[in-house]
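Got a structure here, written out as structure tokens. Questions coming.
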Amino acid sequence: MSEGNDTPTTAELDEIWERTKNWTRWGSDDERGALNFLSDAHRAEAAATVRSGRSVSLGNDITTQPTPETPSPAHHHMLASGDALGASGVPGYEATQDYVGTAVHGLGITHIDALCHMFVRGEMYGGRPASMVRSTGALANTIMSAANGIVGRGVLLDIPAARGVDYLEPAESVTIDDLLAAEDRQGVTVTEGDLLAISTGRDARKAAIGGRLDPFGGGLAGLHPTTLTWLHERCIALLGSDGISDHMPFRSIPEWPFPIHQIGITGIGLHLIDNLRLDDLAAACAQERRWAFLLAVTPMRVPGGTGSPVNPIAVF
Amino acid sequence: MSEGNDTPTTAELDEIWERTKNWTRWGSDDERGALNFLSDAHRAEAAATVRSGRSVSLGNDITTQPTPETPSPAHHHMLASGDALGASGVPGYEATQDYVGTAVHGLGITHIDALCHMFVRGEMYGGRPASMVRSTGALANTIMSAANGIVGRGVLLDIPAARGVDYLEPAESVTIDDLLAAEDRQGVTVTEGDLLAISTGRDARKAAIGGRLDPFGGGLAGLHPTTLTWLHERCIALLGSDGISDHMPFRSIPEWPFPIHQIGITGIGLHLIDNLRLDDLAAACAQERRWAFLLAVTPMRVPGGTGSPVNPIAVF
Amino acid sequence: MSEGNDTPTTAELDEIWERTKNWTRWGSDDERGALNFLSDAHRAEAAATVRSGRSVSLGNDITTQPTPETPSPAHHHMLASGDALGASGVPGYEATQDYVGTAVHGLGITHIDALCHMFVRGEMYGGRPASMVRSTGALANTIMSAANGIVGRGVLLDIPAARGVDYLEPAESVTIDDLLAAEDRQGVTVTEGDLLAISTGRDARKAAIGGRLDPFGGGLAGLHPTTLTWLHERCIALLGSDGISDHMPFRSIPEWPFPIHQIGITGIGLHLIDNLRLDDLAAACAQERRWAFLLAVTPMRVPGGTGSPVNPIAVF
Amino acid sequence: MSEGNDTPTTAELDEIWERTKNWTRWGSDDERGALNFLSDAHRAEAAATVRSGRSVSLGNDITTQPTPETPSPAHHHMLASGDALGASGVPGYEATQDYVGTAVHGLGITHIDALCHMFVRGEMYGGRPASMVRSTGALANTIMSAANGIVGRGVLLDIPAARGVDYLEPAESVTIDDLLAAEDRQGVTVTEGDLLAISTGRDARKAAIGGRLDPFGGGLAGLHPTTLTWLHERCIALLGSDGISDHMPFRSIPEWPFPIHQIGITGIGLHLIDNLRLDDLAAACAQERRWAFLLAVTPMRVPGGTGSPVNPIAVF
């Protein structure tokens, strides 16, 4: 097996795919995947760790202006502003209204990927065919699997801090050694049912380069494909990153251009959260001297949906 | 002062308005209103009460079909379904995408109202003029005041249960006596910083009348305007209901057609959550024998927004 | 063959389908269907008939409020109104902007159906498979076939006038005899390349019943399926109606619930225009004493589109 | 008065503004502005000039991908593609549907500006205040003024051809001399009621620079402000350009950054069409040896709208 930043071969990824596949782990009808690792008991334990009550958002602001990060930004349309406060015609009733809409995926918006977002060779998690994701909505593996929310123990692994740098460069991969080093430095161990957030320092890098980051042109740091085995072994329930967990642009491994999404979502059954905002969280962790916290992720209940914008909230 | 279901006069509402107005309570720059009652300490206390770890959603599914409850439903548009899995042209990259958009307000979608959603006589919370809510977005009192989430102690008051009925009829008002009776029956007391959810049995009524409920035509039960003084005294941080807290159709009080929204949002500074799904929560409360729980409300971070769809999650 | 208002059998429709199918008429690559009947020469002849220069719209207003006719109405969102005229920050530049969006099809909006809008047994016009209409857009038979506009001789056949009534009842079918009677009464003959508009008196009926017409509940008059042979023989280039040409609700012919759309679009290759506004046009025709005119239909150039909202304009 | 490419002063523009203002020309209630120049008689004359019947579109394709020309592109969302052809559940009914939406204005989409799109010093055409353009739609000067379509004599003035070049550079202005030279070369005279299209060679320039044109960064050629007097004198009914008639970026005249839009729309009462596609039209004109033709512009009937996407069609 290749190590470090070496690019694995297709055969190596095929092997990881087969080894980490959880399609039968929770029964043939299962649509929740690794969320099954997050039990009520884990959730209760996570709540019991709350001390200061400080809360921090892991979400980026919804952007409505095109930027290199959000070439297809959200829409925020006022349906009635203060200039139309009397529009209802009911004396005394003065109100405003708006509309918000967004493409769920992309490299800017903080969003969760449902298990119907990715396929491998025409199949999604559980071996269900791509044809079950219809133009009128998905028939299985939808975001409704997380309709009751994902609340549990969140853990942040701050890779730049573990390396002693401000941020990773786009070409740099997060390796298993990085993950272990971060655990060691922070005094935390990722365990079954955890909601894992991995920082590559995207926010710091964005600030350092003047605020305009172009992930399509300039790339984003990501996890080395070999970390999939570690993610699988640790039995995490959810994976998020300030990037998209995968490298951008995708690594040039034939058939596996996007291995964390392909194997993580489709094989392991991991819901992914892309484009987390982690600088405030990292600062809070450092101040609170804890890298584990209660984390609440509450997707929109979109029947047939391939994901949802989210604003994850950490409580210390 | 009128009592019970009597309709108050405009003068009585004027008096409640003046008496409960919190515009100077947290300083002239404040945009958070009653969310100021929810401190980190309250949040920590709420987390400490978690026992079983059971989690329950208080959100309705996003509806995309026009119904009497959602005459202007959300849009869920697949941008790429399984029939286009190879659209990227990158061999092996097989993905689906979608778009979700919605009017934030209305009588169907579970949503939170920001403090810029309502005005009284041309002014919003803090005395800011309606002209600060522009067609390009609000300049103050936006949903960004809740951008770090609203996590705290949730309390459910089950009014039909306290009355020994399945649900309230639309013409029935929830009075202060009802609130006190529910507290008494449930053995819970609403205190400062609480996130209060009030059930009128909308879900049970909807089921009883065959699943099609028309709140525009048939009305919704709501809080009697005199409860505003109680809500103010109890210093709750957030108010939600399975209706819209106010009666639908609005009571015919001149200048105060919609008093809970008008005085609650604009005067007291209460963010409201409309159209909560409370039947599952009530069942869980009964089973867990507790009517208080940890509640996580995580609005979308929409700069300039008048509110957000939400999927509040309770943890027992 | 059945006549009058009798409902044909499946076998009879099968026979009409085979007899009127134009799939090989203009070559195997053709995507324009009956638009091929509209030549430059026809267009020039049509222009030469203009006398008074009077122009009349055949389009309904875009509706943004839910009505029984438009349960999923269009969106018209102001992006900047007068309250934000200085938003650009450029001194002197004062502008407003808006957004308009709509579902293309339905029973309210005036729109044209492209040849990829309908299939018969999984195939669209030309025998192309349904799988060519992808979630990312259609690959053939799109509205781009009409990207250069449809300008030619329009003819109105006013069926209620020919029958001496104000409007047809929803259960009434337009028969070949009706079409011939209207031609005779009006002194006009439908010929090759014509853009045919058929009035059933929808606007008059809507006015007569108080302005609220529910085509989903109460139905719409339509063409009897046997008229397909007449439409085919006359070699019209385009068919429109103040209804949807077909009956609503659909006739209960097994496999052929919607024969004008199914056979007209898929077999004959007719672009259809649904929900024309024809009362003003009929009044103008009566005043001008002509039922033929120059007609301009200019669809939006939507690559991959299944149709387009249109505002057809007649010039006398 | 400045000539040629010299930039006029604010005082000079103030003078043009006053001199060309048509606010009282058609009565104080008028909302049609220069469309009043287009009479039924003009329309009939225009139709009478049709010879070959050839039709050409002046519209660009609706773009759904972000480009430098369309940073906020349109949405084309399939609501049901071939993978959902049986979604209705009615045996035999097999259909597809889509949604199209777009911001009306910008530098890419071919669209018409209504008279409520621009203000000068807080007033729009007719002296109506900006406050009449509400977040819920405009109350006056809307695109409904053109609801019956704009059909008349179109004239193309091909400025690059008159100069003997392929295209104008962004910094170059179209002057009155250019317009006169184009008339002279083409043997056509712009007269009252004409729908005037002015080519600066944008399409040729776009092709020459490799297909990616960035009008925000690289600019667009436009009309010199002094041409406003000529446009006013000629009594045209409509003005369009392959750019936006004005220069991009705007000229740096204090208070008049955008004079063709400001004075043309607000003072003269000209509906403008921006981003016409004129290369095919110019080629057709050259082949047909005529620069006048019948032109049909059919805006969507959007009550309250500030404009509409259009696909203008020329018939020779």
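Labels for the chains are A, B, C and D, by order of writing; each one numbers its residues from 1.
The criterion applied here is as follows: a contact is a pair of C-beta atoms (placed from the backbone, for glycine too) under 8 Å apart; a residue touches a chain by one contact, two chains touch by 3 or more.
Computed from a predicted model, the values in this text were never measured in an experiment.
Chains that touch both subunit B and subunit C are the following: A, D. Of all residue numbers that take part in the contact between subunit A and subunit B, over half occur on both sides, making this a same-residue interface. Subunit B and subunit D, compared by their mean Cα positions, are separated by 47 Å.
Centre to centre, using the average C-alpha position, subunit C and subunit D are separated by 28 Å. Averaging C-alpha coordinates per chain places the centre of subunit A 45 Å away from that of subunit D. Residues of subunit A in contact with two or more other chains: 75, 78-79, 81-83, 99, 131, 134-136. Taken together, the touching pairs cover every possible pairing of the chains.
Across the complex, subunit C is touched by residues 75, 77-79, 81-83, 99, 134-135 of subunit A.
On subunit B, the positions that touch subunit A within their shared complex are 39-45, 47-48, 50-57, 59-62, 64, 75-76, 78-79, 81-83, 85, 90-105, 116-122, 129-138, 144, 147-149, 151, 250, 254-258, 261-262, 294, 296-313, 315. Residues 66, 71-73, 78-84, 87, 131, 134-136 of subunit A are the ones touching subunit D in the complex.
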